Every structure is written in structure tokens, then in C-alpha cells.
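Shared between the two complexes below is subunit A, which has subunit B as its partner in the first and subunit C in the second.
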Partner chain A sequence: MNLRKVAVVGAGMTQFVRRAKETPQEMAFKAVRAALDSCELTLKDIDAVCLGTAPDSFDGFHMNGEILSQAAGAFRKPYMRSFVGGGTGVFVPIQGWYHVASGLFDVVLVVAEEKMSSYYPHAQAAFLTIFDHTIERPLKPNLLWIFALEMNRYMTTYGLSKADIARVSVLHKRNAADHPCALLGDATITVEDVLQSETLAWPVQRLDVSPVSDGAVALVLAAEHVARRITDKPVWIEGVGWCLDTAYWTNRDLAYPRYVEIAAKMAYEMAGIKEPRKEIHIAEPYDPFDYKALHHLEGLQLAERGKAIELYLNGDAERTGNLPICPSGGLLGVGNPISAAGLMKVAELFWQLRGEAGKRQVPGNPRRGLAQAWGDLMQVGTVIILGR
Partner chain B sequence: MEKEVAIVGIGWEGFQPTSAHYSYKEMIYQAAKKAYHDANVDPRKDIQSFVTVAEDFIEGTSIFDEYTPDQLGAALKPMHTITGDGLHGLITAYLMIRSGICQIAAVEAHSKASNVKTLPHITHYALDPFLNRPFEFHPDFIAGLEMTRFLHESHLTPEDCALVVHKNRRNALDNPLAPYGCDYRLSEIQESRPVAYPLLESHIAQPADGAIVIVLAKREIAASLSSKPVWVIGVGWCNDAYSLEYRDWGDLPYVTKAAQMAYRQAQIQTPSKIIDFAEIDDLYAYRELMSLTALGLVPKSDLSDAIRSGKLYPRGDLPVNVSGGSLGMGNLLEANGCAKLIEAVLQLRGEAGKSQIPNPQIGLVQSWRGIPTTSAAVVILAVS
Partner chain C sequence: MQRNPYVNLISLTEDDFANGNVLFRHDKLNAAYAWDTGIAIGCFLGGLKAGIILGSYCANCRKTVTPPRIFCEWCFRPMQRFVQLSDTGIVNTFSICYVTWDVKRIREPEIPAVIEIDGASLGHGFLHKIGGVSPEEVQIGMRVQAVWKPPEERCGSITDILYFRKL
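And then the complex of A and B:
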């Protein structure tokens, strides 16, 4: 494929918090301002805006994209909001990518915002309305309930223990202790803490799950000829992939995310990657639950099926390891304002590949990173590969 | 003229005021089947990317994009949702094909408005919660305000708007897709109930159900798929202020900017001379007149003449909403733009039946997402 080259040239984010005092618009504005300032551009330089935000019910607005348009910098500009549930955070830079790659625009702003605290008493209730109205809603399932099913299936298929899976949560939350925007960083957390936390829906315990959060993230994308004028250190979007499986999740093999595999292969092919385990230097798999990071590493072909846990047991997943995983702290540590959390992972790759990640910096000048998000009814995979 | 991407297949189901015997999935399936047959493609093998347009609150399901792939044959394929009008979805497919990520893409838009018991109540949730919602006004009140300002600035009367209703609902009689065809007397239109004076009930498009699927393809393969490819030669879209307080109530700068973007791409300098017909927003009758000016097709000062002289009728110089528009086809919510696009494609292919205008070459389609948004899109289509 002979595609127009697109770079990430700026990134910014707000603090991820449990209950922001700012309105959704103010959070989006703050992230946009930070991203523009990071590359010394203004809204005048922006040709179009792409927005990502997960279900409208969190913010309590119908047409949430329209409500955020002005704050996202889209006043009198081409503006669209894309949506693939939890996968939105990594999809929205893909949307920005095709805006620039189409040749219609040179500089595009990508914004993701989520305010989950508006939902009273708890955002989990919003998920009651995501299920099939006839065959599932009468059972009153929620997300913890169905992911407990999936976690159980994954553990049972590969004979994994709760203590091993808790290692994921421990590493990510420890990593997040170095992230200035993190909500749940904890440098001293142990496996015991995770195993003794409150049980929500067996085998899911409180510290196996990422927190409900508020936050916003923004990126600036630019076409090659413009990117080189904006920065000495453009980070290129080398591959993108996405895949949506059937809505009938009860018919799916819950032990293995095939949709993530298909999305990853699409991105690897575009990036010309034949051996992902050697060619990807940093991975930011989606980790709303600790087992999900493992599940996704396998779908991404970065580990054999049932063997992703070994990366954590042998130290490869640490920042100093062979394949650093979620050096940001991930959703488990930094927080999970749905779409903003996915875009935070892409921003992390941008900072890591430019050597600007501060205390979180992965040593050895990493050249290539992958971020992935997942969502809907255990159904969608979105993958982006950045390189320098 | 740029010919990079063509529409090679269209399919629809409906449109009708209610569809009690059908789920939205069944309607979409029927539309998809027809579009794939029209484009001679197999969705499982040939189509590389799919787009749906939808809003959660209208669907009554959170994270509605979960339910989009199966009825399109898109499971385990690249598929995503755009929360926008059908034209935004079409533009998305266009961008993806131009980027090189896919060669054939499908777009789906639907409305199951008959499932929505309280549309004004839902629309209320799209207003600013601090500054606007406390007034608890009906969404049509915003249209009434805009109409008042527009009529004042352009020296038009409610009668000019009634003529738009008369034209579009009569046009709809010749369109087999349109459920709201009717040959009203002008007095009947003007005697209807005021909703937010000067806005009358007859000026407002009534809800309808329907589904539309459109298949687009890259230049190199378009000709092999369709004997009558319809080229997308210009696209534009734009948002203005979300805040009601910041708007320019007498004009539609977002429609103008969207149109300018599309004209620039299509290399059209004087649209009023080049465009053979237009299918444009008429969710409220006054919006058709307002949009005509914003699109640069009729100056504000000539609007009254244009609607009274017959220029905008099917036999006129600039036929507008020959399909019957939203007043005739119904308000199909996010599918409005695609319903108009179907008419434009049929006209350009010469397949519009009784509505057919003689030998059109270039058509313009424009849509607006409705109250309270300032989100508009424009697509310019051509046959060679």
C-alpha cells in the first residue's frame, strides 16, 4: 500500500480523576489547549477535528459530540465524532489518520473526553442499557457480571491462578505511580492487596478492575510535509487496524479475542511487521481488567495463547524488560475515562518514542510501539502502531 | 473534475410512518441486500470497511454500535459508527477509500422513529443543561426563533414557506419512496396549527421509518462494478457554535462553509450555473430557503421570486427536492441525508421514474442534523 504518511506531532491530557469539577467541555478544552501548546500551534492551524467519546449516557447528553464541538476546537470547522464503544479511544486517532491520509487535510486535531461521574449514583448503571432489549436485559446483567464470565473462561481454559493474574494489576498500578495524571498509582501495592480486595463478581475483585474516571486527552496529527516543519521528532502512524465482531457475544469463544487478532494483523500488514514479538518495543494493550491485558497480548500475537502471564512472571513486562507493557500504568493505574483512556495509551507511545516520558521512560531508545483498545459486547478491537 | 470515488450501489427499505412488522435490523438487512445486489458485491468477500450512523438515545440502546454489524454482513470486519447524518457516514467511507485503507466500503443509515415515543424530550437532552434546559422549551421553539429572524432579514413571509411545503409534498406524490405526498391547497397549509409562531405544524417534516445502504468504490474498480457509477466530486462538512447564544440566527455559516469546501474540491466557481438539481435540508420549510442562500444557489433577495416563479419546481431551472424532501419523504433522523442522496443517484442514473428531470449531470445533496445542532454536510455528485 502506498499511503500518505501521517505523524503525531503533539499531545496533551488532563488529570484523570474520580469526580472532576470541570464540565465535559472544560475538560476537552484543557486537553486541546495542552496538545496545541505542546507543538506550538493554535486553532487557526487546525483544518479539521475528530472527536471520540463513549456512550452519551455517561455525560447525560443526547448528541454528546455536538455538545463538545466548540470545546474541542471545532467552531466553523469540519468535525465528526466516531464511536466504537470502549474501543473509541484508539479508534479516534485512526479516524484522524484517515482524515489526513485522504489528502483533504494537513493538520487534524484528535480529542477524546469522558465524564463518567455525572452518572448518579454510579456509571455502572449506564451499562444496563447496552444489552439486547429482548433476550438479555431481562436478566439485568452488568459489565462486571459478563467480564467475570470471560475471566473465568480464560482462567479455566489455560489453568491460570488468581494470584498470577493479580501480577498484572500490581505492575500497572506501580507503573502509574510515576504518571503525573494518574488516579490510582501505588508504588507499594502487592499481590496480597489485590487478592484481599472486595469481591465484586467472582473471580473479579475490586483491584482487578480499573476505576470509573473523568478525563480528556488530545493529539495533533499532521501530514508529512507539515509535520517536519512543526517538529524535529515526528512520531509516525505506521499501522492501523480495527475489527467488529457479531453482537451475539454468547456465541463467542470467550477465551480468545479473535477480533483483536484480525485488527492487529491488519495493522501489522500496513506497518510491514512480520514478527511482532521482535518488532514491537512497547505495548499498551487495553487493561480495564487485569486479565484483559493478558487476553489482548495473546490476540495481538505478542504472546502464545495462555502464555501472556509469563511476560509478567519473568519480568519481560517491566519497563526494563524485553517487552515493556503499559509503562504508562494503563487503565488499571492511570484511570479509565473510557475513550480518553484509550487515547492516553497512544499519547504515552508518543512521549515514550520521543524520549519525553520522564520517570516512566523505557530505556534503550524504543523505536516502535503499539496501543490497543477494546469494547462493546467483548466485540471490537482497535489497534494503532506508532514508530519513529 | 476529480473522480476518485464513485457510488456503485444503493438500496433502501421504506419509507413509512410506522413499521410495526419490522425491526430496524430487518429493515437494514433488506436495504443491504438490495445495495449489494445493485453493486454486484459480496459483503463477506468484497467490502473491506463498513460505517453506520446512529445516536444512542434515539436507538434506545447505549453503545448502539454493538448492534450494527450482523445485518450488514460486517461481523469480524472493520466497521465503525459515526454519530452524524448519513452524509457524514458517506463522507467517512469516501475518506477511507481515498486514504487507501480500503477499496470498497458500505454506509448504512436508518430511522426507526416510530419506536421513539418522546422525540422532543430526547432532543431536550441535547441542550445545555445550565443555560437552556431550565427553560423547558419545546425544541421546535428554537426553529421558530430562527425562522422569525430569517424571515425578518430576508423580507420573506410565512406564505413563502407554505409554498415550499406545497412544492415538496406535491413532488412526493411522484416518488414511490415518499409516504407524505399530498396535493394541498395553500390555504390548508397556512391554516394548520401554530407550533412556535410563525412556525406552523405543516412546516415541519413528520417522522418516518426506513433504512438505506450505499456502496462506494475506488476509481479503478468502480467501472467494473457498475455501468452507471455516480462520482463523488466534492464533499464538505462543518459545525458552527453549539451554544444557542453564539449563533448567527439569520444565516447558516456552517452550511456555507461546508458548501465552499465541496465546491473548491469540485472546482465549481459559480454553483448556481453548474448545479443541475439540489436535494437539500427541509426539516422545516423555512430551512430550504435559508439553505438555498447559504449554499450560494439563490441570493437572499431572490428567494421569494424563486419559490413563486416555479424555478424550484421539477420543471424549473433549479429543481430543489424533487424527491419531496424531508417534508415529503418524512424525517428519517440520521438517514435524512442518505434519503436525499438516493434520489440524487437515481436522477443522475436516469432511473428516477416519474420524478426524472431531463439529463442532469451534476447534483448537490445537503443535510443538517436538526435541532439543536449546527452540523451540516454537503456532497456533490456527477455522472460523466
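And then the complex of A and C:
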């Protein structure tokens, strides 16, 4: 394949909050403006725009991508919205990548926006429509079920304890205390706090879960010859991968995300990575629930099956450890405005690899990082690898 | 000089709405649907009305799946036939749910589960509930059997099975 090299050259994001006064457009504009300012570009420099946002049902507005277009900087420009559920936040930069790698555009804006708070009284109701209308919805399911079912299968298969899994939530929420945009950072949270929080759908307790939030994130991508003019610290997109498993989720092995493995292997091959555990220096696996970070680390081949928890138990997952995991604070700590949360992870890699992550900075000049998101009907894996 | 890439938002609380600090518009959307069952799920529901659980069989992959479908996603050929499965199975996974979708507490927890149905290929089942048992007794790997509505009350719905009971 004759693909051009693509760099991330700018990034910006809004705070993640439970309920923003700003509209989706106002949030998208703020994130895009910050991203453009970070690399001193204007809208004139942008050739095309890629947007990610979750189902229209959150906003109650059909064609949500269209109403966001001008706020995303797409006024009179080629524009495209993509959507793969929770996987969207990492799919949008992949889409931006092939817009540039193909040679079609030189500079592309990648925008992810989510306002979950409009749905009244709670965004959870919008999720009810992900279940099959004929053979699942009559059972009156709620969204927690599928996570609780998967978590139980995962922890029972490998004999993991709730106390061990809570370590994930603790580390991520502690990390988030250093993130200026975080909704749920907590520098003093303990495993006890997680284990004592309200049981929602056993084994899922309240502090095992990330919060619904509002927020927006934007990146600027550029082809190599332009990127070197914009910045002396380009961060390259070295590999991308994505994959969907069957939507018949009750026919799958719930203990292991095969689709994440396939997406990761596609990205590793593109990046020329043979030994991911040595060659990935920072991982931002998707963590809407604490067990999901472990589940995904295994699918990403960054841990043996059932062994990802060891990274947390032996300190490897900490910012100062051998494989820092979610130094941003992840969805559990920063917040979970669906598509914006995934793109926040990619922005975090950008700042980390440039040494601009402030209090969150991983020491030792990390050279390569991986971000991953997950979603649809628990069936999509989206993976991106950045390096410098 | 790098500008600050983090932008603040105006964060609202419930009180802002209750006290009238902010303006907002509240409305409902009208979203009513009549979904066709299609061929495979139509047969599945017809089976439930008759008190049997159906799967579909792929002769190429030698696989029996449930819920049934008319094509095999593995080999992308049409499924050969619908097959009758047992109304027994094992618990693949379960949860003990104490809240409704809008996080209201419920007194009697619900026990949703994925039930692997006997007669289907390994690991194939569907979502249902476990009942007639105390939550502490439920385990992954537990054998269960469907508890059916009386025939005259069945209407060709997944709820024609009331729940799965411990065997």
C-alpha cells in the first residue's frame, strides 16, 4: 500500500461535566478552537472534517452530525460523520487518518462531541434501544445487565475477586485527579470505597462504573510534508485497526474480546510491532467499567488471558510503572461522554508523547502509545497506535 | 508558546433547574413502532407459542445456533433448517440486579442470565431470567429448565417462557 505518513499536530478538549450549560455545538466549537489554537492553524488550513457522535437518541435530534457540522469547523468543507457506538471515539481518528493517508486531504480536523444529559431523566433510557426489540426488550433489560453478565463471566472464568478488579477503578480515578478536565478524579479513593459503593447489578457496583457526561475533544491531523511545517514535535499515527464481532452477543465467548484482538493485530502489523508488551509504552484501553480495562488489555495482547490484573497488583499500571495504563484517568475518572471519551484517550497519547501532559506526565520519554475503544452491541474494537 | 488545550464549561446541577437558574425546553418525542419478526425469529416465536425452543442448523459449519437466523455468519451460506432444541440448558453467566434502568431500587432483585440451550452448539444461548431460586444459590454452570406460561396464555413472545428454574 502506498500510504502517506499522518501526524497528529494539535489537540484540544473541554472539561467533562455531568451537565453542561453549553449546547453540543458550543462544546464542539470550544474543543475545535482549542485544537486549532494549539497548533496555530485557522479554519482556512483545514481541508476536511471527520466527526464522531453517539446515537441521535441522546440528543433527540435526527441527523445530529449535520447540525454539528459548522461547530465542528466543517462549514463548506468535505464532512463525514462516523458511528460505531462506544468505539466511535477511536474510530474517528482512524477515519481522519485514511482521509490523509490516502492523499485526498493534507490537513483534517477530527472532532468528537457528546451531550448525554439532554435525555430526560437519564441517558440510560436511550441505551435500552440497543437490545433486540423482539427477543430481548420484552424482558425489560437495562444497560447494566450486559456489563454485569460479561463481568461475571470474565471474573468467574479466571477466578478474579471483586477486590482485585476494584484496583482498576482506584488507579484510574486517582490518575484523573491530575487531569484539569476530569469529572470524577479522586486522589484518595480506596479499594474499600469501591467495594462499599451501592450494588447496582451484581457484580457491578456504583464505583465500578464511569459516569455519563457532556464534553468534546478535537485533534488536528496533517500529512507529513505539512506536519513538519506546523510543528517540530509531530506525533505519528503508526497503526490503526478495527473489527466487529457478531451482534448475537449471547453466542460469543464473553470472557475474551476476540474482536479487540483482531483489531489490535491489524494495528500492530501496520506499526511493525512484534512484541506489543515491550514496544507499547503507554496504554489507554477503554474503561467504561473497571473489568473492561482488564478484558481489553488481554484482547490487546498486553497481558495473558486472566492475567491483566497483575499489571495493577504489581504496580506496572501506574504512571511510574513498566506499562502505564490510563495515565489520563480514563473513562472511570475523567468521564464518559461516549465518543469524546475515546478521543480523549488519543489526545492523552498526543500530550504524553510530546511531554506536555503536565502532572500526568509519564516519565522516561515514552515513545509509543496505544488507545482503544469498544462499543456497539459489545462487539466492536477500535485501536490506534501513536508514536514519535 | 503552547496555549492551554483544556477549556472550561459551565457545569449545571439539579438545583439550577429546580430553582429556575437556567432556561430549558422540555418535550417528548413520539416514537412508536410495529416491528416485523422476520423469518427466523418468526419461527422462533411460533415455537415458543407451541412450547418448544428452536435453533437453526448450518450443515456447512455443522453448527446449531439459537436464536435462529436464516444465514450463518461464519460461512455466509443459508442455514439448512430449523431444529428443535431442549428447553433445558446451563447458566453461562448471570447478574443479580437491584435497580431499574433509571437506577430506582427494586425490592426483589432480578436475575438476568445468558442460558446456553441444550442441543445448540457449545456456548450458544440467549438472554433470559432465572427465577424460583434465591440469588445466593445461582451459579455459572448451573443446570436450568424453562418454566412456561400455560399454553392458552402464550402469545408467541420471549415472555412465553416465564423464567428458567434450577434443575
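Note that in this section the second predicted complex is superposed on the first by the 386 of 388 C-alpha atoms of A that agree within 3 Å, B and C clash if a C-alpha of one lies under 4 Å from a C-alpha of the other, contacts with A are read in each partner's own complex, and residues count from 1 in each chain.
By definition in this document, contacts are C-beta pairs under 8 Å (C-beta built on N, C-alpha and C of every residue); 3 or more make two chains touch, one makes a residue touch a chain.
Worth saying up front: this structure is predicted, and the values here are computed from it rather than measured.
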item: Which superposed partner A:Leu149 touches (first subunit B, second subunit C, both, neither); value: second
item: Touching partner for A:Ile46 - first (subunit B), second (subunit C), both, neither; value: neither
item: Touched partner set for A:Gly65, first subunit B, second subunit C, both or neither; value: first
item: Partner chain in contact with A:Arg18 - subunit B first, subunit C second, else both or neither; value: second
item: Partner chain in contact with A:Val108 - subunit B first, subunit C second, else both or neither; value: neither
item: Partner chain(s) touched by A:His133 [first = subunit B, second = subunit C, both, neither]; value: both
item: Subunit B versus subunit C as contact partner of A:Asp376, first or second or both or neither; value: first
item: Touching partner for A:Ala201 - first (subunit B), second (subunit C), both, neither; value: second
item: Partner chain in contact with A:Val362 - subunit B first, subunit C second, else both or neither; value: neither
item: Contacts on subunit A seen with subunit B and repeated with subunit C across the two complexes; value: 60, 127, 133, 246, 248
item: Subunit B-facing residues of subunit A, complex; value: 1-4, 54-57, 60-70, 74-85, 91, 95, 97-99, 101-104, 126-127, 129-130, 132-133, 240-248, 258-259, 262-263, 266, 270, 375-377, 379-380
item: Contact set on subunit A toward subunit C in their complex; value: 11-15, 17-22, 27, 30-31, 33-35, 37-38, 60, 120-122, 124-125, 127-128, 133-136, 138-139, 141-145, 148-150, 152-153, 156, 180-181, 199-204, 214-215, 246, 248, 250-254, 347, 351, 356
item: Residue ranges of subunit B in contact with subunit A within the complex; value: 55-58, 60-63, 65-70, 74-84, 88, 91-92, 94-96, 98-101, 122-126, 128-129, 235-243, 246, 253-254, 257-258, 261, 265, 369, 372-375
item: In the complex, subunit C residues that touch subunit A; value: 2-13, 22, 26-27, 29, 33, 35, 37, 41, 44-45, 65, 67, 69, 73, 92-103, 109, 112-114, 123-129, 135, 140, 157-159
